[in-house]
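Quick one: this structure, given as structure tokens, is what I'll be asking you about.
Here the chain labels run A, B and C in written order, and each chain numbers its own residues starting at 1.
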Amino acid sequence: MSVQGTVVKAQNLDLVFHTGDGDVHALSNVSLDVEKGDFVSFIGPSGCGKTTFLRCIAGLETATGGRLTVNGMSPEEARLSRAYGYVFQAAGLYPWRTIGKNIKLPLEIMGFDKAEQDRRMNNVLQLVDLEGFGGKYPWQLSGGMQQRASIARALAFDADLLLMDEPFGALDEIVRDHLNEQLLKLWARTEKTICFVTHSIPEAVYLSTKIVVMSPRPGRITEVIESPLPKDRPLDIRDTPAFIEIAHRVREGLRAGHGDDV
Amino acid sequence: MSSLEENVGRDWQPTQWRNWAPVLVALALGAIDWRFGLLFAVWLASWWTNAVLARGERRILVAAVFGITMLVLWEMAVRLFAVPLVILPAPSVIGARIAISLPILWGDFVQTAIKGALSGYIMGCGAAVITAVLIDRSKFLQSGLLPVANFAAALPIVGTAPILVMWFGFDWQSKAAVVVVMVFFPMLINTMAGLRASEAMQRDLMRTYGASYWQTLAKLRFPAAMPFIFNGLKICTTLALIGAIVAEFFGSPTQGMGFRISTAVGQLALDTVWAEITIAALAGSAFYGAVALIERGVTFWHPSQRRQR
Amino acid sequence: MNWIRTHVWPIVAVLLALIVVWYVAAAWMNSQWTLDQAARAQTTPSFGEIVADTMAQERPKLPAPHQVAYSFYDLVFDKKITSRRSLVYHAWITLSATLLGFAIGTGLGIALALGIVHNRAMDQSVMPWAIASQTIPILAIAPMIIVVLNSIGISGLIPKAIISAYLSFFPVVVGMVAGLRSPDSMQMDLLKTYNASPVQVLFKLRLPASMPFLFASLKVGIAAALVGAVVGELPVQQGGLGARLLGGSYYGQTIQMWAALFMAAILAAILVFTVARIESGVLKRLGMAR
């Protein structure tokens, strides 16, 4: 990477949830560095803590042990300084606001002036190919368009870090392929750092520069795979031997972490 | 009669028999008393009309035919059987009474619906929404107040009317007070439910923006609560009118719908009573309709409203 | 223990706060009368004496909680339940009318709902009016029903029960129609593939599916039925809690009014609670308990 600097730094992170049925070890001894400009995917079966880790980075959960910094700050401070944009599994657009007003929501909260709000809204609508849909309501759009709007909403305030929690999990494969391709272009154009949670191996391999394989009980990192694929990736890269080789390594990593309880 | 039976008997089929049975009933009733037969025949004619109409998509027409039929049957029954006015006046008599006493009815309407019900409705619902917001940050108060409010909403609160009339006097103030007490708890319950209605994911989104409590309230939780708040507002329209009218049974100035009903009942002037009830029904529907109309404007985005568009 | 701390203690705290507010309000509202009396007797009572007096007046504007509690205990437990002074006697009069009316209203409501769901013409004719009728202050006709029925020789239980029935009827119709229609098209199609008859569809699918809706309506309905019975007792003084309320307000016996009001509240609580218990039992048997 041309730009240097560690965006997310986790050291021996632990998180234990106290529930009625006893303690759940959601994260155990998780250490990871995310460098500026990285596209990091977190992959693993459900319950492996990938979403929990993302929520820790966002300051939505607080770790019970270890150290975690985002841009050199605590996650809580990073949240309050609006250091990242978060994209959820569902678009979560407010149905009473138009697409344009939804994108302006973070801008209103952060106190941008009206002219700047309009400028940025038009800018990000263009980035996600939704020009002309600013006046529509979310429920008048398809699922894929809604998810694109929610990405635009996360981009609107121009944070350098983008946290995405299975953003395309609820979409069908054709739409997902299309959005994956667009996301890569967006990443190249904006030079953001992206943390991306998924449970699809092809998606993780296609998108990432770094694939973090996780496994459950307790949630932990079992393997970190650096991808040798070039930054410019057409969709048919998925048929190349290099791609299949990495996918194979990810699959092996998942199987090793899974142990016998499949 | 006998030729009909022969006809039916020749190729007897259950469906045919069912088609003719109502006519036989009409004829049989007519044989007992021609007036019964006539009423039944009118009802039958309208029912068949509606059965045919209902196959299409003319819902308003069907409901209107049914409503008009009821009025016609009522009018006919009262006239045919010469029902005395002190038991049941005919719709035409009630209509005439409304036409004659419009100024009185208007005065009653203003006294009860505007001064009593509407002012109490605004105060009670407003107080409930403010209370819900005030206790919103305290889990302790919420878990204490919600069961109490749920309990209070099921109580016969109109029973407090005589006490409040003693406290606030006979004029509209005491009626407004009854309305305030009646609408407060249902409104509080609905607003509290509404403020909890936003999804966890949407609240997380606001947290990722580092939004303050009041920003989250204004931009997310209040808009998300609107369908619940309007549900409460709609329920309370009816409660408000009931409260204002019933409170007048316990004492009022010489004006108001409840006052007029209770005195006219005493004088057995049932046409006036029915005129007043008609106005009350119209006022209730209009009040509810107005709130529903505002709701449609405010919560146009909600799935329940979207389908109607 | 945790449950008590998070659920019981807040309610107790809110109720205690209400009682404190009540005492303060009673002292404040009744002090005027005390001061008037003192002025007439040309004495100047101390603050303590004023407060003590406001708690023990015979006809206070707002009786203190302990006065109401004492009167309630006296009227419920110390009077023979057949006596016209016993609150239990009056509560029974109101309760019998409520229950009879509720039974009639619920029965007719369910019957009409069945008709509406199975007959398109009936649906389109009646349903709009049933919904519209919920926006009407039906309670306003209560005095008329009582007096008119009285004038043709029907008095006592029946007229009040009719009002109660009328009030509980419409919520049951609307709720039951929604409930009978709640099975989704997939569930209906499944029974269609079995070539089930309408009666089978009704008993195997529609009725069980409607139970949560029915009970929600029944809770509204029984509370409404009680209100109907109480209001129905206003025009004719033939006993019942409504009559006690109006009688109390005629003669300024505020303590007695509050006792009657509490009796009505307790009655409402018992009725709604009973319906809720039956509901949870039925839903549990149907595997719908949440």
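Side notes on the structure shown:
The rule is simple: a residue touches a chain if its C-beta (ideal position, glycine included) is under 8 Å from a C-beta of that chain, and two chains touch if they have at least 3 such contacts.
Since we're looking at a predicted model, the values are computed, not measured.
Seen from the Cα centre of chain C, the chain whose own Cα centre is farthest off is A.
For this structure, the chains sharing the highest number of C-beta contacts are B-C.
Mean C-alpha position of chain A lies 51 Å from that of chain B.
One inter-chain figure worth recording: chain B and chain C are separated by 18 Å, centre to centre, where each centre is the mean of the chain's CA atoms.
One simple way to say how far apart two chains are is to compare their mean CA positions; for chain A and chain C this gives 54 Å.
Partner chain C is touched in their complex by these residues of chain B: 47, 50-51, 53-55, 59-60, 62-63, 65-67, 86-88, 140-145, 147-148, 151, 154-156, 158-160, 162-163, 165-167, 237-238, 241-242, 245-246, 249-251, 257-258, 261-262, 265-266, 268, 270, 273, 276-277, 280-281, 284-285, 287-289. Taken in their complex, chain A has these residues touching chain B: 55, 58-60, 79-82, 84-86, 88-90, 92, 94-96, 105-106, 108-110, 137, 139, 157, 163. For chain B in complex with chain A, the residues that touch the partner chain are 199, 201-202, 204-211, 215, 219-220, 223-224, 226, 299-303, 306. Taken in their complex, chain C has these residues touching chain B: 6-7, 10-15, 18, 29, 61-62, 120-121, 123-129, 132, 134-137, 139-141, 143-144, 147-148, 151-152, 219, 223, 226-227, 230-231, 234-235, 241-242, 245-246, 248-249, 252, 254, 257-258, 260-261, 264-265, 268-269, 272.
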